[in-house]
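The following pair of complexes shares a single chain, chain A, combined with chain B in the former and chain C in the latter.
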Partner chain A sequence: MDTQSYVSVPPGVGMGENFLSLDDILLCHERLPIRTECIFPRLGFLEKSSDMQDIPEGSKMELPLWLCKGLYERKKRVLSVELPKVYREGWRTVFNADPKVVDLHKMGPYYYGLGSQMLHFESPENPDIAQTLLQTFIGRFRRTMDSSQNAYNEDTSVLVERLDCLEKALFRSGQTGLHSFQNWEKGQASQLTASNLVLNYRKRKITDVLP
Partner chain B sequence: MDPSEVEFLAEKEMVKIIPNFSLDKIYLIGGDLGPFNPGLPVDVPVWLALNLKQRQKCRIVPPEWMDVEKLEEIRELERKEDAFTAVPSPYYMELTKLLLNHASDNIPKADEIRTLVKDIWDTRIAKLRCSADSFISQQEAHAQLDNLTLMEINTIRSFLLDSLNCMYKLRSNLLPGSNKGQFTDY
Partner chain C sequence: MFCEKAIELIRELHRMSDGQLPAFNEDGLRQVLQEMQTLYEQNQRDVNEVKSADRADLMPSIKLRHCCLLRNQRCLTAYLYDRMLRIRALRWEYGSVLPGSVQFHMCAEELQWFSQYKKSLASFMRSLRDGGLDITQDMKPPKSLYIEVRCLKDHGELEIDDPSLCPQHFLPRWKCEQLIRQGVLEHVVS
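Our next item is the complex of A and B:
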């Protein structure tokens, strides 16, 4: 059985985030195109392209997701968030037509995560985005399943290179199932092996142990 | 669940052996076994049968279904039907492996049986994948898993559960305000 030195926290996937999930931490650094709706006084030094003291109203820039979520408020109109290209009408049509051919790793790599996070920002397109995310996942499910359950003892990098991070995690769990079954079938399950934890220990020198 | 744990459960299945020693009834927590008389068939759990066999104290009588003709019938039926057909034993895969690995000299046509069981297994796994796919694509909420064995469920369990989790979360996005501001503690 797989023992790791720590239990990795799975990503939150939906609108919520898991604070300790590495994937979600990376996800909240994705940049979003925004437009300021009011003056940001004395923050002009952040914008390298102009040497004004303030960031004026209506300027366009890119901010990371975590900052957008913090600054965004429905009533106060501090900034408005524009949809990234992949979630707009044009790409949505592509996803609805055939989700299997799209390279989600290039588009994302947090296509589903970021898409769900976009629902925090009010937009008339939100229901369509949510629907497209779900349909894309369903459409690509069969391929993820088949490749993860059939690729045994071969190089999987070709299979996973076009998958979103979420699908990669699924692929890995499918592979663990396949590998543990194949191990059992070959009779390797009955052999005792050292735990991963023990293998990862470095050799200690006596001088390190003594006080 | 690990496949070896499923195998462990399978070892509780009863199998007929013909001992070549004599011993009184033995009393175990799981039930009484024996008495053992040379040449008289007796029912014992697989774990005991394999242990006795390894010490050459018995001959294992293969279960009724472990027979080339019967398995061929099952294979044809499995290929013809769309749904899962009833399997001869809830632990057919595990028992075949255990018995063929340890007592292949007591089972006639062991190699053919191995191939047949593997064929049945492959057909069923392909069906399982098909039904998992239609389960996801039709966004069903529940499924009935008739005639599926533990080992078969076990191979796809972690993948299917993770996928269903993801799908549930993506689907709850459709309902606005359903899980806003909800945090999971770790």
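Our next item is the complex of A and C:
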């Protein structure tokens, strides 16, 4: 098994975030539908549809998650965040019925991550949302684990395309474990290999030269 | 929306998930810092107006710009930190001399950091046992002292006096490990 020299900062667990995690930063870039509960003077240019100088109260806009988290206040004097469709009652019923059939990659690639972050906005539906997230994960986990542990030397794109980012990461680590084990079984574990990083650099240099 | 340039920097790194180091995006960094400067100045002006003209209604906008400043700061810090992790990995994968093409992707401060990291690692290794212990060797538990290797590319003269044209050599493991990792030699397992 090739030891990993580069290990990036992992994403946070549940409602938490890791400040330096690239995954968490990208997750927080997702846009949410909101409604302003006060005037934002001199920021009218952020609302593309209007030519006004200020953003009036009651405007419906889409803001990135990081901004919503930063501006949100419990007493709702600043903005109110709408639940994205995927976390609402309608879709929750679908997930509760059979979580395995849903294409979580299409439902926004960060289904679990974004869902966990939505809990910060203290909607009355929070307990149901949290429960659905958990049950969906439990329902799908078995299949992800099985496929990652049994797909050896084959094209895994079909298995992976309907997974969300968290499940993809789990699938990848399952595959790493499988390959390492197979390597060991074949007696190749003691064979010294060129570093993957070095090989990738060389591949990239060649592609840089090609038109 | 603000902070679009900052997220581009993050995406640049995220695309290379295998640990490769892309070129240092000096231009992108400068643009983000410029945006931060603009936001900060606008907030300064508004804060003064809140105090002098009693315009408490400006607070939401001030708060929004402040969130943008924090977001930009987070993105830049994460960008620099992740690059640092990649550069650190280079010492362990490539050894202490980096190829020119990789060095070209690093900014002056990163090169300086790499050389200081090298020094710290070297002095740590020297302090272990008498005379030092090379911990970058034997990444996999060794099965034998000598191993069979095949030469993959021209690396110039090796420090062994082996003038034969035989492409395969039987060499001490410790001499080869670094070169195998760099892809110069190939370990032949029978």
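Here is the rule we use: the second predicted complex is superposed on the first by the 190 of 211 C-alpha atoms of A that agree within 3 Å, B and C clash if a C-alpha of one lies under 4 Å from a C-alpha of the other, contacts with A are read in each partner's own complex, and residues count from 1 in each chain.
Here is the rule we use: a residue touches a chain if its C-beta (ideal position, glycine included) is under 8 Å from a C-beta of that chain, and two chains touch if they have at least 3 such contacts.
The shown structure was predicted, so the numbers you read here are calculated from the model rather than taken from an experiment.
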item: Chain B versus chain C as contact partner of A:F137, first or second or both or neither; value: first
item: Partner chain in contact with A:A151 - chain B first, chain C second, else both or neither; value: neither
item: Contacts of A:S173 with chain B and chain C, given as first, second, both or neither; value: first
item: Which superposed partner A:S190 touches (first chain B, second chain C, both, neither); value: both
item: Partner chain(s) touched by A:V94 [first = chain B, second = chain C, both, neither]; value: neither
item: Partner chain in contact with A:V160 - chain B first, chain C second, else both or neither; value: neither
item: First, second, both or neither for A:Y112, with chain B first and chain C second; value: first
item: First (chain B), second (chain C), both or neither touched by A:L26; value: second
item: Which superposed partner A:L43 touches (first chain B, second chain C, both, neither); value: second
item: Footprint overlap on chain A, comparing chain B with chain C; value: 9, 19-20, 187, 189-190
item: Sites on chain A touched by chain C in the complex; value: 3-9, 19-23, 25-26, 29, 38-43, 46, 63-64, 66-67, 70-71, 78, 187-202, 204-205
item: Chain B residues touching chain A - in the complex, by the definition given at the top; value: 2-4, 7, 97, 101, 125, 129, 132-133, 136-137, 139, 151, 154-159, 162-163, 165-167, 169-174, 176, 179-184, 186
item: Chain A-touching residues of chain C, taken from the complex the two chains share; value: 1, 3, 7, 10-11, 13-14, 17-20, 42, 46, 57-58, 60-61, 63-64, 66-68, 70-71, 74-75, 77-78, 81-82, 85-86, 88-90, 92-94, 99, 101-102, 139-143, 147, 176-177, 180-183, 186-187, 189
item: Residues of chain A that touch chain B when the two form their complex; value: 1, 9, 12-16, 18-20, 112, 116, 119-120, 126-127, 130-131, 133-134, 137-139, 141-142, 144-146, 148-149, 166, 169-170, 173-174, 176-178, 180-181, 183-185, 187, 189-190
